[in-house]
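For reference, the structure I am asking about is given below.
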Amino acid sequence: MNQHYGKTFEVQLAGESHGLGVGCIIQGCPAGLPLTEGDIQNELDKRKPGQTLTTPRKEEDKVQIKSGVFEGKTTGAPILLWIDNHDVQSQSYGKLNEVPRPGHADVTAAEKYGGFNDYRGSGAFSARLTAALVAAGAIAKKLLKRQGIEILGHVQQLHDVKVTDATDEAIRKNAYSNPVRCADPKAAKAMQRRLDEALLDGDSLGAVIECRVLNVPSGVGEPRAQSVESVIGSNCLALPAVKGVEFGEGFAAATMKGSQHNDAYLEQDGGIVTKTNHAGGTLGGITTGMPIVFRVAFKPTSSIAKTQTTLNVATKKQEKLNVGGRHDPCVALRAVPIVQAMAALSIVDLMLQAQKIPRVLK
Amino acid sequence: MNQHYGKTFEVQLAGESHGLGVGCIIQGCPAGLPLTEGDIQNELDKRKPGQTLTTPRKEEDKVQIKSGVFEGKTTGAPILLWIDNHDVQSQSYGKLNEVPRPGHADVTAAEKYGGFNDYRGSGAFSARLTAALVAAGAIAKKLLKRQGIEILGHVQQLHDVKVTDATDEAIRKNAYSNPVRCADPKAAKAMQRRLDEALLDGDSLGAVIECRVLNVPSGVGEPRAQSVESVIGSNCLALPAVKGVEFGEGFAAATMKGSQHNDAYLEQDGGIVTKTNHAGGTLGGITTGMPIVFRVAFKPTSSIAKTQTTLNVATKKQEKLNVGGRHDPCVALRAVPIVQAMAALSIVDLMLQAQKIPRVLK
Amino acid sequence: MNQHYGKTFEVQLAGESHGLGVGCIIQGCPAGLPLTEGDIQNELDKRKPGQTLTTPRKEEDKVQIKSGVFEGKTTGAPILLWIDNHDVQSQSYGKLNEVPRPGHADVTAAEKYGGFNDYRGSGAFSARLTAALVAAGAIAKKLLKRQGIEILGHVQQLHDVKVTDATDEAIRKNAYSNPVRCADPKAAKAMQRRLDEALLDGDSLGAVIECRVLNVPSGVGEPRAQSVESVIGSNCLALPAVKGVEFGEGFAAATMKGSQHNDAYLEQDGGIVTKTNHAGGTLGGITTGMPIVFRVAFKPTSSIAKTQTTLNVATKKQEKLNVGGRHDPCVALRAVPIVQAMAALSIVDLMLQAQKIPRVLK
Amino acid sequence: MNQHYGKTFEVQLAGESHGLGVGCIIQGCPAGLPLTEGDIQNELDKRKPGQTLTTPRKEEDKVQIKSGVFEGKTTGAPILLWIDNHDVQSQSYGKLNEVPRPGHADVTAAEKYGGFNDYRGSGAFSARLTAALVAAGAIAKKLLKRQGIEILGHVQQLHDVKVTDATDEAIRKNAYSNPVRCADPKAAKAMQRRLDEALLDGDSLGAVIECRVLNVPSGVGEPRAQSVESVIGSNCLALPAVKGVEFGEGFAAATMKGSQHNDAYLEQDGGIVTKTNHAGGTLGGITTGMPIVFRVAFKPTSSIAKTQTTLNVATKKQEKLNVGGRHDPCVALRAVPIVQAMAALSIVDLMLQAQKIPRVLK
């Protein structure tokens, strides 16, 4: 298992769903950044379970800064963050190592780790570990904010409801004011109806999150292997339930002509901008200065209330499975701050590589 | 610029479009693999320019093995591959550093490297460097073939022509027997018509390449940061013109319900398989043993014959641009073996990490 | 600050001397290793302060396994270890950021981190962090023990007292039965006299630790950049107070002739051994199967009770300095288990690279 | 085999002693550095074989810059350097895979790579590959020179002849003006006598190279795992025949008292210097601004003309061995520019990590 992200702003994750907690060590954070547990808590609260429409699991998710901060500022030394697990009901998951849940990592994890993996609540495979990514991302976001960089995220599509014309302002204003994290209040209501229907049906739904990173300076990204797309893509494809990532027009670019897709150059305030932003803010893997726009596709939650048929790996017989425990009808709803965190971690990492953030902040 | 791929089967690229040539050093290849320049040449010939419908540039693309092979077998030492450039017409590109081509890396490269970048034919940003990736991938493919692993690739979609029901056998048989690399001969003809129209119009088209990796054993992939999706995704998003990557159902999974998307488990020959393969061969970032299926979206070629308007960065005035030089109307056609190479490099890297390929071959 | 060790058995450190504690995350430990906090505690107790002749600071040094172990065995997921700080007297160190201690990192740390570094007890520069290295090393040692590998360490030289003829058996039996960690009881007494004199004089002494790794199979080590020497050397030179590392004859080899230094080959039980072991167990950076023998030079403890003259960086005037706080008269005494830990971490890392330890233990 | 050096200024080596040549790809070199083949050739000529007292092998060692330089300046893209082998006499080495040379990597290489390694002239294990390191180091030296950094090196000790009082000026003036690379002309003569005797006797001698890096700014080095000592140490211990590395007082520090070893702080021109430099230019793994001083111990050349007894691995019988081929009586003599190159590569790497060298040079 590899839970190490980044090259210059490095995040090493650890923890399990039903163990003592989850945490991470961040290496490479510049010295001199004002940082409190409250800064991180704000971000963590955005993904906290127990909100409307998501899993009823109640976690306080209180983050502790265990190292790397002194007199309210980062020191340049590794920062250890830790979040205790509280509301753990291991008994709900007891049988899963024999009767694997379709769509889950139960079988592949058991195979890879010789059955030694902690299978309770998916153990180290659980989306619970993304709490530590959001915590690390909160630090990255704070670094970026100093440079005027803003990261917007929202659920652009849920099942068949899709928003195509959200403005930055609409995302900024609305995404965190409705439980489906949608920039368009009307679409948000339609999404809620789909979720209500799915819940009633014991089923789950997939979704697409769109993320926009505003005001990143041009010249960020190390083509090819550390291009903006490679780094954001790699980080997002590491998240549970993610099945695709696209930039700018993405897969739609395959249906376009060059004369449509090419963004024309204009001069603006002495710099160069593009008239359109089909490219999504990068050319040759390097930022253009235009917003970085990308979308992440999430599959429907694997754990559904509906009875499923699966294989009992001990008896080698098919049997009925009713997955107990607590689950989100759509993992993407809680994933918006997670995708934003991955964007922040990616951009900070690349800005440090490009020396666009100093090692000591003044 | 970062041209370093992989953790255990490492590929370091170098070279330029209009310089002396392109090459790479491969570190971590197991000892004892029979390897000739012919083995690599076979793969290189698949992406060679000068074939129907692609750029008229003529390159012999003769690969030389400069180190790491002794008496016909790999030694365990780094392998240096080199391909000379022959058919270089630098004069066609002379003016591009002043009048950047829309959709190209001209502006971002000049900005990032202070104008010191080799701008001739995009220099180190050129798709020409993918020749070295294909060469490295040829070695990876040979390693995988010993274990029965096969990598299929084809153009699944070109503009509005899409093939949704290609069998493995159809891809194996047809993809390299028509110039558009399509598994379906009928669709291939429609694709050719679209290309003819685009060429006539001085325009270019986007496309989607599908890749299938067959017979990868279960248990490969290091969740999360080195998951199958992260590694393949990162490698493919490093390629020029790529705007998206998806696995299994990909973005379509966002429109599905959990009860549809979950793949049911079955027993087969003592092992576990899934009835369907919506997941595309991975769960929790680890291979299931089912085919790994992914798709890569390519934008339309940025260089088009059509006159475009762009900014002269010296005069700060808009001016007309006619891009000369030699270009593919659809970069994806030549990219099929490149995507296959990235798949091979990714899987070998992960199999070495999982100790599924020994360091010395018998 | 970079506290990340290893490529396949990765250790990421965090913590401070006078903060909440010290810890680490270990990534890459094979699944299935029986592991308790007691296993780690045994090793930690060997470096515990408060023993004779070392600093009177009293730390319980109780390690907690926070993740990565389930039902008594490692799971393959990252292992987070944490040790709380208890006996912290920050007030002793208050003034050091203005009046730097000669021989300490006070000045360089303040310079590098813009004065944001935690200077209390040297903060993240403190030898206290080696507790986390010893904890990680305890896991590595347990992995190696399963393969019959043993790591011996002792203080070979303290100031002018040197032991040149210690047998493996003498080290095994005596090193941890006297407070100076010396394999020779008679020399141990002489070393103690030197320390008593130094303490009386308010001074400190340097020393050399010798380490022997027995029964490592041949073929371990990745020449050149990950040679046995490079990896052990890099890890040991990362430790506080270390000024040199040598292998086999080391610097004495410079005074030898080839005909003396070359180790003759012999056959033994079907394998190849060498008659002598001047090379110290490696040739070409790869293990020969003979004991790996290396020595690490430690400078005398920088913190001495004697009054020193130093620069007040605020007033820019020379002033007298009496370093308070609690210090070892010879850091090397407590460093024996630390050097053994670095040897264990190095060898496990290289054995995993060479596929000599499986990813799942049976 | 791992021939990859550095984290930000990365050097990937390839090649063999008796293959087509040796080379490397350098990734991470800032853009805008004026660079010609002549710049590199100057450094290469310093280690060229065929000089007095070293192996009679004649190599032109003409370096070719194959990529990464455009219009006389580095572009920011990877730089591929290649040096053809010319004077190759493979037949001299034919039998060595059966009758291993004592002190060489013949046995360990064959064991590790299953006998597939190129054994001619030690193949990829040959010191010939250090030509590529010197070539890469030449670029690093040029980068450092712009910042006023100078790297001095000389043979401080050869067998029993040792120079302890060489000034920087003496090294600068004398080291490359006598064939034993010694700073002291008188000692140089004594060293030559030792070498003459050894040659007459068919034997070889060990030596110590001292290296001093002047004018490195304070604040360079990432404690702990990328401390100045760890990085230089790791790079030097990767070289053939090296058995030890020490910094400042090194092993002699073990015999010193704290009150002797601690370097007192003084003010100088508004900055902080130390009265002495026992530490060798680093505290806490970070540069102090004082000269970085380190020494590297080389064992005597393993290949000697004297008849040796060894094991025939095929017949399992002891037999007499006369090593033919061409060899240096003391490898260290040619290693002075190599150690200087490793110092340059290490310091550039750490300065880039510390953002003390920009990514684009003006």
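Letters are used for the chains, namely A, B, C and D, taken in the order the chains are written, and counting of residues starts over at 1 for each.
Throughout what follows, contacts are C-beta pairs under 8 Å (C-beta built on N, C-alpha and C of every residue); 3 or more make two chains touch, one makes a residue touch a chain.
Just so we're clear, the structure is a prediction, and the values are computed from it rather than from any experiment.
Distance between Cα centroids is largest for the pairing of subunit A with D. Across the two candidate interfaces, B-C and C-D, the one carrying more C-beta contacts is C-D. Averaged Cα coordinates give subunit A a centre that lies 39 Å from the centre of subunit C. If each chain is reduced to the centroid of its CA atoms, subunit C and subunit D end up 27 Å from each other.
Centre-to-centre, using mean CA coordinates, subunit B is 46 Å away from subunit C. Residue positions of subunit B touching 2 or more other chains: 1-4, 13, 112, 354.
Residue ranges of subunit B in contact with subunit C, taken from their complex: 354-355, 358-359.
Here subunit B touches subunit A in the complex through residues 1-5, 13, 100, 102-105, 107-109, 111-112, 122, 125, 129, 157-160, 198, 203-208, 218-219, 221-227, 229-231, 233-235, 237-240, 242-251, 253-267, 272, 274, 278-280, 282-288, 295, 297-304, 306, 308-311, 313, 316, 318, 332, 354, going by the rule given at the top. Here subunit C touches subunit A in the complex through residues 1-4, 10, 12-16, 19-25, 27-28, 31-32, 66-68, 70, 73-80, 82, 112-114, 116-118, 120, 123-124, 360-362, going by the rule given at the top.
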